[in-house]
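Each of the two complexes below includes subunit A, the first together with subunit B, the second together with subunit C.
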Partner chain A sequence: MGCLELTDIVKTYRGAAEPALRGLNLSVEEGEILAILGVSGCGKTTALKVVSGLERQDSGHVALGGQEMDGLAPEKRPIAMVFQKSLLFRNMTVAENINFAPRIGRGMGKKLLAQKTGEMLELMQLGGLGGKRATEISGGQEQRVSLGRALMTEPKLLLLDEPLSALDPGLKLALEAHIQEVNRKLGTTMLYVTHDQKEATRIASRIALMQNGRIVQCAKPQDFYAKPATKQVAEFFGWENFIPARKRGALVSSPLGEFAIEGAAAGDGGVLLCVRPEAATEIGRGRIKAVVRSVLPQGIETVYETDCSGARLKLSLNMRHSFSAGEEIRFDIDPQMVWCVAADRVVI
Partner chain B sequence: MTMRARNRMIIITVAFVVLLLPLIPLLMWSFATFWRWPAIVPAFDGGYWPRLFSDTRILPALRNSLALSALVTFLSIALGFFAAKNLGTRNFRGKRLIEFSLLIPTFVPQIAIVFGMQTVFMKLLLYSNFPGLVAAHLVFYLPYTTLLLAAVFENYDTALEDQARTLGIGRLKTMLFITLPAVRSGVIVTAVFCFIGTWSVYLLTNVIGDPHFKTLPVVIFPLVSVGNNSYSMVSVAIILYILPILIILMAASKALADSRLGARKGAI
Partner chain C sequence: MTKRLPILASFLPLIVLMAIAYIWPVAAIIRGSFSDEAGLFAGWQNYADVLGSYYFRDSLWFSLRVSLISTFLSVALAAVLAMALRDTFAGKKIALFLSQYNLSIPRMAAAMIMVFLLSQTGLASAVSHALGFTESVGDFPWLVYDANGKGLIIVFVWKFFPYICISMLGVLQGASLEYEQQAATLGIGKWRRFFFVVLPTAAPAIAVSSILVFAASFGDYEAPAILGSAQGRSLSVMLYLKYVDPDMRDRPEAFAIMVLMGLVLMAAIVTCRRLAAGGARKRGL
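Then we have the complex of A and B:
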């Protein structure tokens, strides 16, 4: 059993035509960073609000460390949350923000409070800023304060709702590394919500991809690139070619040829062969032929839209190769860059 | 002195001149029984001040006014606070209707309502007594206060409360340490407006409170209107009428300067 278990969570907001969560199931392991990844409006933030107790689910269960959380008020749950906005209390100093929970909530003694505040300021790399007003620090420092303030509650689970989305790329990378370091040092289990697949890939040990209020795949980041569960997951992670094919056992037959694909969930019969645009190898020498339909230069790479035995195929080639529309390309496909997913309606 | 400090000093000086200059003749009259032409200043003999404490109308009326306005202001803020918070921070069906109904006591002339209220209040034994006047003032000032506070809450970010609660802080402490500091300036301004409003009410207080409960406006109005010869007494009464408002405005302006104007989104 994981640290956090979400079972069949359903949540519909009052007045909404569609549920925000439609049977959400998720298990988060002790000490890991699990990222919930999905586009805006897919239910990520609602999931965090249900876990934190800020929203109550219509049905389903939330359990933390084997203990039912359903019906518990947010302040009674051993869960802290960092929001997209830093939400600092601006009438307080940085130190007062950091120690807000133990000072106001638990009435911690002054000596211990000062010691813990100092330690947290150091951990958050905010040493020397404790006496500054919350209005006098930068955006990155604000999010560090927000993170430190949440960690001061010593939560069993820390929820992070797109905490870095408002920061510039350089700062974002630095804070991602910092969050990972905090996770390693304190061992705090973290549930991290983002819409940015690269951010999720960098920060999380596992990713749960969410679509329409459900988790459609929960796996290690590299699995999303190599073994997507559905066409939607594949699209989200940059797979662009979906070629109707037929599967029999591990063998997938397509206009591009036959591929042995082990471990795909799709059953025998009509499937979609997924081919990454970077999959072309042996350019100019391979056994597969395709005719270039259009050329889309994209910096050091060029995307060629081709016609390959009746199938549309996008190929991304580096600038060493150059083809024009109407020209024939010969290539092979790297078998590590193909996968197959189920197709509802496949005609071949 | 910095440019900002100098500008501030100029504004304060102008405000004091505009506010206090008209009060100077009043102040002079209050200390003089006679002021006849061609004297530029009156003969100061203490005026009505020495007799104030034996007066049976002005001081009791001042006490009544203070008690009534303070209690109505407190109750209006206390009772209207959560309604205003919901109106200002949430969207729900019927919100516009509620806002409109709260506006009714403000734009319908008081005279159209107070005589009907008098009949009802008599039946409810709320006529000519303190609880009755508090209730009567609340009819007008609770909706007014609620609307003003709702406008304050429109700029308040409830996510601050969510943040506090996920830090393990209960509802009461969240209200005390997060909500109230965030809207403090707006609440102070609303309270000042409410106090000044109830302090100045004449018609309603006269109709519902008369003859046993009189406030300063109820006492002052006949003194001024019937050509009373005791200008000193009238001046003393008017000074006592104006003084609490000036004190409250000064105290409120200090509080506003300390806490910055209004609640801001995402901030306290």
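Then we have the complex of A and C:
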């Protein structure tokens, strides 16, 4: 059993035509960082609010460490949350923000409070800033304070709702590394929500891809690039070519040729052969022929839209290769960059 | 400097209008408070007469007490209602209407309604008698025309709490909610959240609306004139009677009372703002 178990969670907001969560199932392991990834409006934040107790689900169960959380008020759950906005108490110092929960909520003794605050300031790399007002620090420091404030409650589970989305890219990378370091040091289980595929891939040990209020695939980040569960998942992770094909056992036959694909969930019969745009190898010498229809330069790479035995195929080639519209390209496909999904699987 | 002059010039009509509509009358009142009935300079004599008068001190205390209690009760009622009304629930629109419909009722009409409802010959008294709670209508407690201003307080609270409720709702449904949710996920319980997060966030809105309620009830004439125990108990009624008295010797004292009422309100504004700012600082928002 995981640290956090979500079972068949359904949630419809009052007045909304569609449910925000449609039977959400998810299991988060002790000590891991699991990222819920999805586009805006797919139900990510609602899922976090249900877990934290800020929203109550219509049906389904939330269990943490084997204990039912359903019906428990947010303050009674051993769960802390970091929001997209830092929500620091503006007229407090950094240290007062950090120790807000034990000072106000638990009435911790002054000596212990000072010791714990000092330790947290160091862990958050905020040493020397404890006496500064919350209004006097940068955006990145604000999110560190917010993270430290949440960790001061010693939560069993830390929820992070797009905490880095307002930061610039450099700062974002630094804070991602910092969050991973905190996770390693404290062993706190983290549920991290983001809409940024790369951010999720960098920070999480597993990703749960959410679409239309349910999880469509939960796996290690590399699996989304290598083994997407559905066409929608594949599209989300940059697969651009979906070619009708036939599958028998592990063998998939398509206009591009035959591929042995082990472990795909799609059954025998009509399937879609997924080909990554970077899959072309042996350019100029391979056995597959395609005619270039259009050329889209994209910096260091160029995307060629081609016609390959009646199938449309997008290929992304680096700048060493140059072709014009109407020209023929010969290439092979890297078998590591193909996959197959069911042709008829549509998630609503 | 060259640009400032045209900007100032554009404000000139407003400045002139303010001077005519506000500054000149205020200056005239202050001047009148330092003059005798013939318009000759009288020094502090009018203030000494007013402050030395038992009737003035009694009226000041009565008006202050009624206004402060009305403001406190309005804030308390508005806070409870705003907390209840900020969540989404079935029938919220009706609840919102019921909490705000009395905004459109004029104060004089509100006072009259209280007379019809709460006087000894009013509806409540008749119902109480019919149900056997009181032996006769005369046994019904004095809620209007009473010496403690209970009727006035009821009118002011009923009339003014919606103003505070509206401004508090705006705060509670906005930024305060995010901070409250953050505090909840940090393990802070409901009451502590209210005192350490909600109240400090709403403090500026409460302060401003409290000042408005205090000023409106302190300076109100219609309700005390209708519901007061005896003409002259409320400061505004006393002021009016002195101002319209055919004996012109009372008019300079009326001016002095006006100035003193203005000073009380200014002191209330400063105190309220300081308390709100101090409270917010103390609680960290």
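Observations on the model:
Just so it is clear, the second predicted complex is superposed on the first by the 344 of 348 C-alpha atoms of A that agree within 3 Å, B and C clash if a C-alpha of one lies under 4 Å from a C-alpha of the other, contacts with A are read in each partner's own complex, and residues count from 1 in each chain.
To be clear about the criterion, a contact is a pair of C-beta atoms (placed from the backbone, for glycine too) under 8 Å apart; a residue touches a chain by one contact, two chains touch by 3 or more.
Source: prediction; values computed, not measured.
Overlap between subunit B and subunit C is detected when the two structures are superposed via subunit A. Contacts of A:Thr153 after superposition on the shared chain: both subunit B and subunit C are touched. In the superposition on chain A, contact of A:Ala73 is made with both subunit B and subunit C. In the superposition on chain A, A:Ser52 makes contact with both subunit B and subunit C. When both complexes are overlaid on chain A, the residue A:Glu96 reaches subunit C alone and has no touch with subunit B.
Once the two complexes are laid over each other on the shared chain, residue contacts for A:Asn241 go to neither subunit B nor subunit C.
Residues common to the contacts of subunit A with subunit B and with subunit C across the two structures: 52-54, 73-75, 79-81, 83, 85, 87, 89-92, 100-101, 104-106, 149-150, 153, 159. Residues 157, 159-160, 162-171, 173, 177-178, 181, 259, 266-268 of subunit B are the ones touching subunit A in the complex. Against subunit B, in their complex, subunit A makes its touches with residues 52-54, 73-75, 79-81, 83, 85, 87, 89-92, 100-101, 104-106, 135, 149-150, 153, 159. Of all residues in subunit C, those touching subunit A in their complex are 88, 178-179, 181-190, 192-193, 196, 280-281, 284-285. Remark: subunit A residues 14-15, 52-54, 73-75, 79-81, 83, 85, 87, 89-92, 96, 100-101, 104-106, 149-150, 153, 159 touch subunit C in the complex.
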